[in-house]
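Below are structures written as structure tokens.
The same subunit A turns up in both complexes below, where it pairs with subunit B and then with subunit C.
== the complex of A and B ==
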């Protein structure tokens, strides 16, 4: 691998990101621009941007690495990431857009009329966002280390600084353009090496040798290839977390508010599904080729297989060029997901923690946009500090815990809040607290030292199968016990969430 | 002699005149706004038909996707079965899932929009 070429490619991605971000700055003026691009982004742009934001380090590097090491069961990761959007489409996409809220705590407050529920949500957004930013920074460090040999802190620092500059400069509007560009860059970077390999060899069957024969146990599902116990339980639990966690990720939700109306939100999601399906065809191919050309990476965790494969297959200039392209794509993945997360976390920090305090300290003598910029800085500093403390964690596993936490907290809140009119405020708060504590406890045990094998390890490693039903059950039981705490405006909220925009009814909120 | 101050003359006409009457304003939105029994029934039927559609999609996903790990668990030969030179699990999970999910989404959106169009026409446009 040639460090000079790869660094040039990474530099170009960084420059393009900042360049498009600055272009956004020139047309980004109001607070609404900063948060949701004034809600005027067309479905195609928006779908590219959503996919660009969603395909993180875990998708670009992590899935291929997991499949390489742990075998066919890990194919469920990319399936789950995609089906998560189908669940989001059918359960929350249009109602969420029609809710008329900027952020998740906004939704919670207008639906449940409770500042307490709002505050719990704000805390969870920051928590899930930080848990999801960690692997992005870790991936960036890994990529720079693979390319140049520099310590991991360097890559993480580069991503952190660029994201804060870009988010603080242009907010959501510029992020939309940046992320749409980054989707196509990522797809190109991942697909080109595969096509070159297939073209050069004319014999794709030979390429697939690692899938057949005596040494192909890893290619079988439920084979415990990675030493994971209870593979059937783990598969179902993972699938549950990914399918129902996607809708609860803070950066995914913020993105949906940029659709012009509920119909557009649905249509955007359909395009997203097509773009995601196209992308996820490629990571498994890296794993199959990696088994053949880079078997040593199986023992080394596998997260670098996408970066190293082109150089292993083509020693020389071709490998260097393809390696540089893949490194650029990986950087696009870190930058786009981190930007989206930072916008989401900063929006919440700004609204719920910072703005009222700034107002008090300065006596109202401040500009709202500056508060957002300070929030963006805080949103990145916290995970960066956490990154320097925690060190190495497997990319897709950490992301899996963020999904499990989202599936156990925001998923019940949104799904029941949108479809069940007898949900009470107390039930909402209880569900968030119980689901949040159960899933975070599992995550903490996992990070600090998981139990050795058997059921305890399976239950803690993939907690969603018990934490998510627990959260749903808590909401339902507590709501049944506290029927007097059903929000007074529930009927009006239901009208707002479900009636199409073409119908002229009172939605109980000033139209924004 | 001045005219006596009596009640003003009122012209009495049949409502069945040939003149065009004002179009009847749709009252569905008013029923919803005022949260009458009828308005609540309108809203409930909209939400229920959307929810039925949503549950139908989730049910199919659970049935189709959920049965795949079970298939591999119960029928071990399916784990290594070769289809067009690729093992069956890789064909299903690596390729086939994505077009199926996309088509499901397309069908869902078409049906959801039809429910909304019917509702809009029923309660009256803006």
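== the complex of A and C ==
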């Protein structure tokens, strides 16, 4: 692998990201904000942007790594990531658009009329976002380390600094462009090496043949290859987390407002699913080829297989060029997802945690924009600190924990909040707290060193199957016990959530 | 939100109680909830099949293409198909009625 070539490619991606960001900033000066600007965007562009933001280090590097090490079970990651979008579309997307709330805390406040529930939600957004940013930083560290041999802190620092600068400058807020560009870059970077390898080989069938030879157990589903116990439980739990967690990811939800109407939002989702499905064809191929060309990576966790494969198959210039392309794609993944997350987290920190305090401390002597900038910095510092103290957990596994936390908190809040009119404010708060504590405890145990094996490891490694039902149950039981705490405006909220948005009902928002 | 008078509140309640509104909501729930359950069952059964029906799943359809592989790819295809079905259904069954309800509420039928 040629470090110079790869670093040049990474540099180009970074420059392009900042460049398009600044360009977007210039043309968006006049439009008041992000949402308005994006409403002019066609479903196809918007779908590219959504996919670009969604495909993170976990998808680009992590899935291939997990499949390489643990075998066919891990293909559920890619199916689950895709199905999550479908759940989001059919269960919550339309009502949430109608609620007029831009963020999860906004929704919580309008639906439950409670600043406490709002603050819990704000904390959860920060928690989920941090858990999701962590693997992006690990991925960046790993990529730079693989390419140049530099310590992991270097790559993580590069991503952290660029994202904070970009977000604080406001560049990322306005442009659907950067994200859309990065989807196509990621797809090209991932697909090209595979096509080149298959072309040179002339017989793709050979790949499947080899699978049924030495690595037969690996190719069997639920075979416990890679030493994971209770594969059936783990698979179900993972599927639940991914299916129901997507709707609670802070950077995903906001994207549904960038469509002009509900019809366009549905169109967009169809395109998103096609784009995601197309992308997810490739990581398993890396895993299969990795089994043949780089079996030594299995012991190392496998997360670098996408980066190293081109060099293993083609020693020389071809391998260097393809390796550089893949490294560039990986950086596009880290940057786009991290930027989207940081914008979402910083928005919440700014609005719910920072602004009022800043106002008090400075006696009102501050500029609102600065509050957002400080929030962006905090949004990145927290996961960076977490990065420096946590060990190298598998990228896709860490992201899975973020999904589990979202599925155990925001999923009950949204699904029950939208469909169940007897849900009480106390029930909402209790569900968030119980689900949040259970899932984050599991995540903390995992990040700081999971139990060795058996049920404890399975339950902690894939917590969603017990934390999500626990949260739902808590909401239902507590709501039944506190019927007097049902928000007074529930009837109004329900009409608002379920009346088509063309109808001019008061949605509790300042006019926009 | 604070300046909502009684008149508006009555409108909300009227809408909520109106048969058209509950029909719209019911129709949405009757389609979406069973569909969601159905496709979750399909994913979960696939996992079970993979575990307990090894013989069936590793049956070779042709060359090295096994039933498991086809089913696996089928997961993506079915996700996409479900989305298409939902979108068509929403376009045909929800949007027109929603329009109708809108005209009723705004009191200007076209």
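Keep this in mind: the second predicted complex is superposed on the first by the 473 of 512 C-alpha atoms of A that agree within 3 Å, B and C clash if a C-alpha of one lies under 4 Å from a C-alpha of the other, contacts with A are read in each partner's own complex, and residues count from 1 in each chain.
Note that a residue touches a chain if its C-beta (ideal position, glycine included) is under 8 Å from a C-beta of that chain, and two chains touch if they have at least 3 such contacts.
Source: prediction; values computed, not measured.
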Three-chain arrangement built on subunit A, subunit B and subunit C clash or fit: clash
Which of subunit B and subunit C A:436 touches, first, second, both or neither: neither
First, second, both or neither for A:463, with subunit B first and subunit C second: neither
Partner chain(s) touched by A:263 [first = subunit B, second = subunit C, both, neither]: both
Touched partner set for A:273, first subunit B, second subunit C, both or neither: both
Intersection of subunit A interface sets (partners subunit B, subunit C): 72, 75-76, 79, 82-83, 86-87, 89-91, 205, 208, 211-212, 220-222, 232, 235-236, 239, 243, 263, 266-267, 269-270, 273-274, 277, 280, 419, 491-492, 494-495, 498-500, 502-506
Residues on subunit A engaged by subunit B in the complex (per definition of touch): 72, 75-76, 79, 82-83, 86-87, 89-91, 94, 205, 208, 211-212, 216, 219-223, 232, 235-236, 239, 243, 263, 266-267, 269-270, 273-274, 276-278, 280-281, 284, 419, 491-492, 494-495, 498-500, 502-506
Residues of subunit C touching subunit A in the complex: 1, 4, 8-9, 12-13, 15-16, 21, 24-25, 28-29, 32, 35-36, 39-40, 43-44, 47-48, 50-51, 54, 57-58, 63-65, 68, 72, 75-76, 79-80, 82-84, 86-87, 90-91, 95, 98-99, 101-102, 105-106
Residue numbers on subunit A that touch subunit C, as the complex places them: 72, 75-76, 79, 82-83, 86-87, 89-91, 205, 208-209, 211-212, 220-222, 231-232, 235-236, 239, 243, 263, 266-267, 269-270, 273-274, 277, 280, 419, 491-492, 494-495, 498-500, 502-506, 508
Subunit A contact footprint on subunit B (complex, rising order): 29, 32-33, 35, 40, 43, 46-47, 50-51, 53-54, 57-58, 61, 65-66, 69-70, 72-73, 79-80, 82, 85-87, 89-90, 93-95, 97-99, 101-102, 104-106, 108-109, 112-113, 116-117, 119-120, 123-126
